[in-house]
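Report on the following structure.
Chain naming follows the written order as A, B, C, D and E, and within any one chain the residues start at number 1.
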Amino acid sequence: MSEIISSVVAHYNYWIYIALMMIGLYAVIGKKNLIKKIIGVNIFQTAIILFYVSIGAKKGATIPIIHHGPGGGHHETTASVIEASQYMNPLPHVLMLTAIVVAVATLGVALALAIKVYNQYGTLEEDEILSRIRVR
Amino acid sequence: MLWQLDLVILTLVVATAIGAVAIKDLLGSAILFGAYSFMMCLLWAIMGAVDVAFTEASVGAGVSTVFFVAAVFRTTRRTKD
Amino acid sequence: MISIKPLLAVLVSLLVVPILVSSRTPNVREAWTFAAASAKFLIVVSMVPAVLRGEQLVYTVAQVIPGAPIAFRVDPLGMLFALVASSLWIVTTAYSIGYMRGLGEHGQTRYFCFFAIALSSTIGVAFSANLLTLYLFYEILSLATYPLVTHHQDAEARVSGRKYLVYILGTSIGLVLPAMLICYHLSGTLAFSDQGFLAGTGPPQLMTILLFMFVFGFAKAAILPFHGWLPAAMVAPTPVSALLHAVAVVKVGVFSIVRVLTGVFGIELLSWLNLGTIVCVIASCTILIASLIALSQDNLKRLLAFSTIGQLSYIILGVGLLSPKGITGGVLHIAMHAFGKITLFFCAGAIFVATGKRNISEMVGIGRRMPVTMTAFFIGALSITGLPPAGGFLSKWYLGLGTLQADQITMLVVLLVSSLLNAAYFMPIVYRAFFCPAEMAMFENRVQEAPAFCVVPLVLTALISIILLFYPEPFFSLARLVAQGVTGG
Amino acid sequence: MSSQYPGLLIIVPLLSALLISVAGWVNKRLCFPIAVVGLSVALYASIGLLLRVLAADPALDGGVVLYRLGGWDPPWGIAYYVDRLNALVLVVVSVSALLNLIATKNDVRESFSTKIGAFYTLYILLVTGLLGITVTGDAFNLYVLLEITALTGYGLIAMGGEYRAPLASLNYVYMGTIGACFYLLGVGYLYMITGSLNMADIASILPGLYDSKVVLAAFVICMVGVWLKMGFFPLHAWLPNAYTYAPSAVSSLIAPLMTKVMIYVMIRLMLTVFTPEFTFSVLALQTSVVWLAVIAIVMGSILALGAPDVKKMLTYIIVAEVGYMVGGAWLGNRAGMTGSILHIANDALMTLCVFLAVGNVVYRVKGYGFDDLRGIFVKMPFTMIGFVAGAFSIIGVPPTCGFFSKWYLISGGIEAGHYGFVAALVFSSLINAVLFFKLIEVGYYGSEDAHHHHGTTPVSMAEAPVSMVVPLLIVAGGLIAVGLYTGDIVARIIDPVIAQTIMD
Amino acid sequence: MKFLGIIVVVITGALLVYTTGDFPSWSDPASPASTHVSPHYIEKGMHETAAPNIVTAVLADYRGFDTLFETTVVFCAGVVCFFLLRIPGRSPFTECQYRHKATGITVRVKHDRKMSGSFGEFERIDTLWTPHDLIIQTACRILIPFIQLFALYVIAHGHHSPGGGFQGGVILGASIILLAISHDLRTALDRLGEKAHAILCSVGVLVYAGTGAVCMVLGFNFLDYGALARILHVDPVMARSHGILVVEVGVGLAVMAALIWIYSNVSSRGNYDEGL
């Protein structure tokens, strides 16, 4: 029993990310509204960011900013040896900063496209657009 | 950090995500998406990813939501699903 | 012996294309075509002595695939074919000028361009040193002849063009390409050799399948049931039918099959697996059926087309006999049939230019109007039927000897029957042309031949047909060399 | 200087894109020259790299040119690895991009007169992204560059003068982003299990972990992402519309290069990141993927038969060609892999060739329906020479290069005993022949009523400007030249690549 | 489509959950991710780049090349939005509406003639115009300088605390967007015109790429800030720190300008009218 609980505790973060990702994927595939799909794509992206951040978590570690004396920033003044286990893993954070920015850029482009589509068809529902294309 | 707190926020995140996808009003969707992003940002802050959380707070919860609202404002709130 | 001559022979007519495109005056254009044709012929002829001495000229252009470069090799078989094709190009050029100008056809520049390309690739096929090179030029030839076949650009041409492509490209991509790849996979090489390279590389069943893929894949040889394109392609202007469908295209198909039988499978393998008989059976079926169909044709060019289908299979039959005499006869038939058949086509074209008639039933008594043409027609018909004093007799004689040498009496019967059939469809034409009662004649009793550009070539080819019986050199020597080479004796 | 080639390759186009963006606001006439200079430098650098890689001794340093960005050693910093495989792709990408840039100058000037700066900015950034994807040795860096190409691609495609372009582009956004995210997720899995992002480093760590489900999942997820991006059959739905409705100057850039670079990424993942040993031995996916490729080829060909216009038809052919390359790569033998890599270069060139020709036709005729092609041989003879050369290459007529890659692919299929794949290739060649001769027929016969005009001078010739025709003819000549040099390319570039990764 | 969606989602989800079994436990310090590459950043980062915020050090230096392209992605998004939506110029025959602020009287001017004289008492409006709330306007006007100040702090203090070019740039952009929302887009564009933010956007990325190129010119590899030591006359480690700062400023500029660019195009459908 305790094994199961510890396994759950060890992995539930990953399950949640999968759940979120699937919500996003479902929105992209199943929803007909173009903006809803964009929201779906964004949820998908954030889910992956959550996954990465989960990789970077480290028990008993603090945020990845090195404590330094009042002298501030001067590398020579660092007194104690820095242990890797003291700080969170910074690499996934760095990667995810990039991913967030990419997500917002994609969002901007997608919204611009949605507006353009709306200008042309007067609707954001995919089935209505397709029927309008067929009529034309 | 408390994994219980973690779990609560995770649940909230999932709830807002489902809400953002399911609600039948695009403006509401956009706002719920903002809430989702903010929850996400809290979650990351708890996990120690301060920079990511900071970025998500400003980008995801802030600017993204503004973009969504602007786009919805310029198109339509109507949605069938 | 490495020599760049084979490459030159291929490329010399291609060089003419840019000049043709840029030239605006017909005379200049046709002068260039003549020059290219003569140059090509001279280059080919200049290689004859070396080949007769038993040397092989080789030249590698590009190493594209290990074991299968783009390379040329001049051996007796290729030499014979190249000699036929290049000599007939000169004649046909002259005839084309007469025909095209006589009818005021459009797009003549395009016509001469693609003609040059087609001839280049024919020579390329003749000189190719391996299956890949052969396939390359085979495909180029298929594509280059498309604009020639559909020269009239009308609805009929469209239909025939489609048929042509479906048969030719369909079989070459669908059958030859995979077969070639399987060969490559089995032996790691594609280079033709006198003994073939497939022996001992795969199970007999696979060999049989490969044989079928090759024989039917080279649909230009018009073996039944892949013959449908040939009668359809007769919508082309007559010089095209003449050169391409009596000489270049169909002969390329036959040549390719002969090459594959001798250079890829090798006589030994064929006889060991008894595949020669299969080839003979396929060929003899084609011979008989095509001759029977030809009997019922009224359109002269269609008749000639079916006659061609039958005659082509003689060549394959000859090689399929696997006996030295049979091979000699088959290979010799490439040349003999070419000269005979081109004469017949020229005649058909000349009749069309002079009178506008296409059907045999409309040609009663035409011998009085066009005596020279019809005499040449008679000689051509004799050659095809295999009667002296025309060259066709020689090749048929050797074919007959070959059947005896191979103990294939059935095949001899096939040969004889088909010769009878040939006579049956040709002789009535000639008879009605000359010896019809005056009241039935459809033409005035006044000599009015086609333009000289049309008549001179057909007289020339008819004369050569006769000369070839008495002095069949260098074709005969080459054919003997081929037979010696592949049978190793 | 030559040690900086990998840097120059990316930086100069990037800087020139930024300068173009500024120039678009200051003096629009500067945009095109800056773009040409940027891409020329990239071309110079990529050829330089290819020569350097060819000269390098494989035994000494693996024949790899290493460039450490920021001066940090991998795996801590980002590094570029240039070996023969990506040097080849780099040259192909930069040549195609430069030729297309020059060929479409007139078209762009007329279609995007007011936004010419933005157009060229996006164009050059797209090429930068493609070059970067090809040259990078870092799995995450590849994702960022992937997004650059994707974003610029969305923008460029949506600006097609077509009614349906924005919707097509938006669908591309969904699928492209999901694809890129899958790739990112796969990289995340790899990072979780290995702790590294550097491809070479990952490859050195992975062999001990082959039995882990995570590695398997990482591989599958990466593959799904890459397949989504390249439009591999069941995931291809976005591709035909996006490529069809794009402006012609853009489709002739994206159609040849985007899918090919993604194929390159797939091969890189299969060969370098996950060694062939893992891809083909540990994983039991090989046969099913090849069958999927067979379906892709067959379906692509059949869909192309039913396409309503020329561009749609060509895009479905691309779907089939993607099937060629994926199938070839997954056959798991030398010949198949050789064919696949060779086909990256060949297919890029021949797709470029036909799309440039179609672009010229669209420029003159203002349409790309089958009816618009009537009598086109008379109107635009030189353009059609180029088109026919490209068409023959796609059909696989020797000596054009398409034949030789098909040769290797088919012989790979025979070697692997996978006759379904062989049959599919032959089938698709036949269908391609039908498709292209349908077009050639339409162009050759002209209008129905005006047939058989004896001796009359042809209808007026309206050839595209020289600047559009010359690049097209260069590409068309290139098709044959590359075909004739196949032996060299395979022996000097592709064989060492495959030999390095110890296939068979 | 919905059915298909559910099937795909369930299958994919199940497969993904299945693979989590072999995952290292969550937040396990001994997982490969935490033991292979990242310890180097934590242990040596401070010595090598003099930036206590390891994320900044890795972002702008170790993996600075990623960040360059990340900035380029934002730049791209700006250009794409402009490219897609912007309607260049306006046709001379549309009419403009001007509202007298004090009285609320609307004046329609045809042929796009500029109002002459006391323009300050009028504001240009569109047909969709809704009155803005004075409280919100004032509150925002007071807030915006502080927001911008904070943004500058975030950019400048990225070495030592969470934040950096991105976050700062986003906040700067958000401040202008706030101005555009609380007043209208024209007000914001008066502060920072279209041409200005378009050029600023590329200049921001140019600062980044240019820094890298300078290193290249100095004979080092691209983005090897150690090269700047020669120009700045400091030791290479400090040069890296300064390089990071320069780069962060570039990122901030680019991100700010790009976000404004995207917002103004999206919110006005490319007309650059009064926006939301």
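The working rule: a contact is a pair of C-beta atoms (placed from the backbone, for glycine too) under 8 Å apart; a residue touches a chain by one contact, two chains touch by 3 or more.
Because the structure is predicted, anything quoted here is derived from the model rather than measured.
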Neighbouring chains shared between chain B and chain D, ordered by label: A, E
Farthest chain (mean CA position) relative to chain B: C
Furthest chain, CA centroid comparison against chain A: C
Closest chain to the centre of mass proxy, which here is the mean CA position: D
Pair exhibiting more inter-chain C-beta contacts, A-B or A-D: A-B
Inter-chain centre distance, chain B versus chain C - centres from mean C-alpha coordinates, in Å: 78
Mean-CA-position distance for chain E and chain A (Å): 18
Centroid spacing, where centroids are CA-atom means, of chain C and chain D in whole angstrom: 43
Cα-centroid distance, chain D relative to chain E, in whole angstrom: 32
Residue list for chain B, restricted to those that touch at least two other chains: 50-51, 55, 59, 63, 67, 70-71, 74
Residue list for chain E, restricted to those that touch at least two other chains: 16, 21, 23, 31, 33-35, 37-38, 41, 53, 55, 59, 63, 66, 70, 73, 76-77, 80, 84, 162, 166, 262, 266, 269
Shared interface positions of chain A, touching two or more other chains: 9, 12-13, 19, 21, 25-26, 32, 54-58, 61, 63-65, 91-95, 97-98, 101-102, 104-106, 108-109, 111, 113-116
Complete list of chain pairs which touch one another: A-B, A-D, A-E, B-E, C-D, D-E
Of all residues in chain E, those that touch chain A in their complex: 1-2, 4-6, 8-10, 12-13, 16-17, 20-21, 23, 25-29, 31, 33-35, 37-39, 41-43, 45-47, 50-55, 57-59, 63, 66-67, 70-71, 73-74, 76-78, 80-81, 84-85, 159-162, 166, 237, 241, 255, 258, 262, 265-266, 269
Touching residues (chain side chain D, partner chain A) in the complex: 140, 144, 147, 150-151, 154-155, 158, 163-164, 166-167, 169-170, 173-174, 177-178, 181, 184-185, 188, 191-192, 197
Chain D-facing residues of chain E, complex: 15-16, 18-19, 21-24, 31-38, 40-41, 61-66, 68-70, 72-73, 75-77, 79-80, 82-84, 86, 88-89, 195, 198-199, 201-203, 205-206, 209-210, 212-213, 216, 220-226
Chain A residues within the chain D interface of the complex: 21, 25, 28, 34, 37-38, 41, 44-45, 48, 51-52, 55, 91-92, 95, 98-99, 102, 105-106, 109-110, 113-114, 116-117, 120-121, 129, 133, 136
Touching residues on chain A, where the partner in the complex is chain B: 9, 12-13, 16, 19-20, 23-24, 26-27, 31-33, 35-36, 39-40, 42-43, 46, 49-50, 53-54, 56-58, 61-65, 88, 92-94, 96-97, 100-101, 103-104, 107-108, 111, 114-115, 118, 123-125
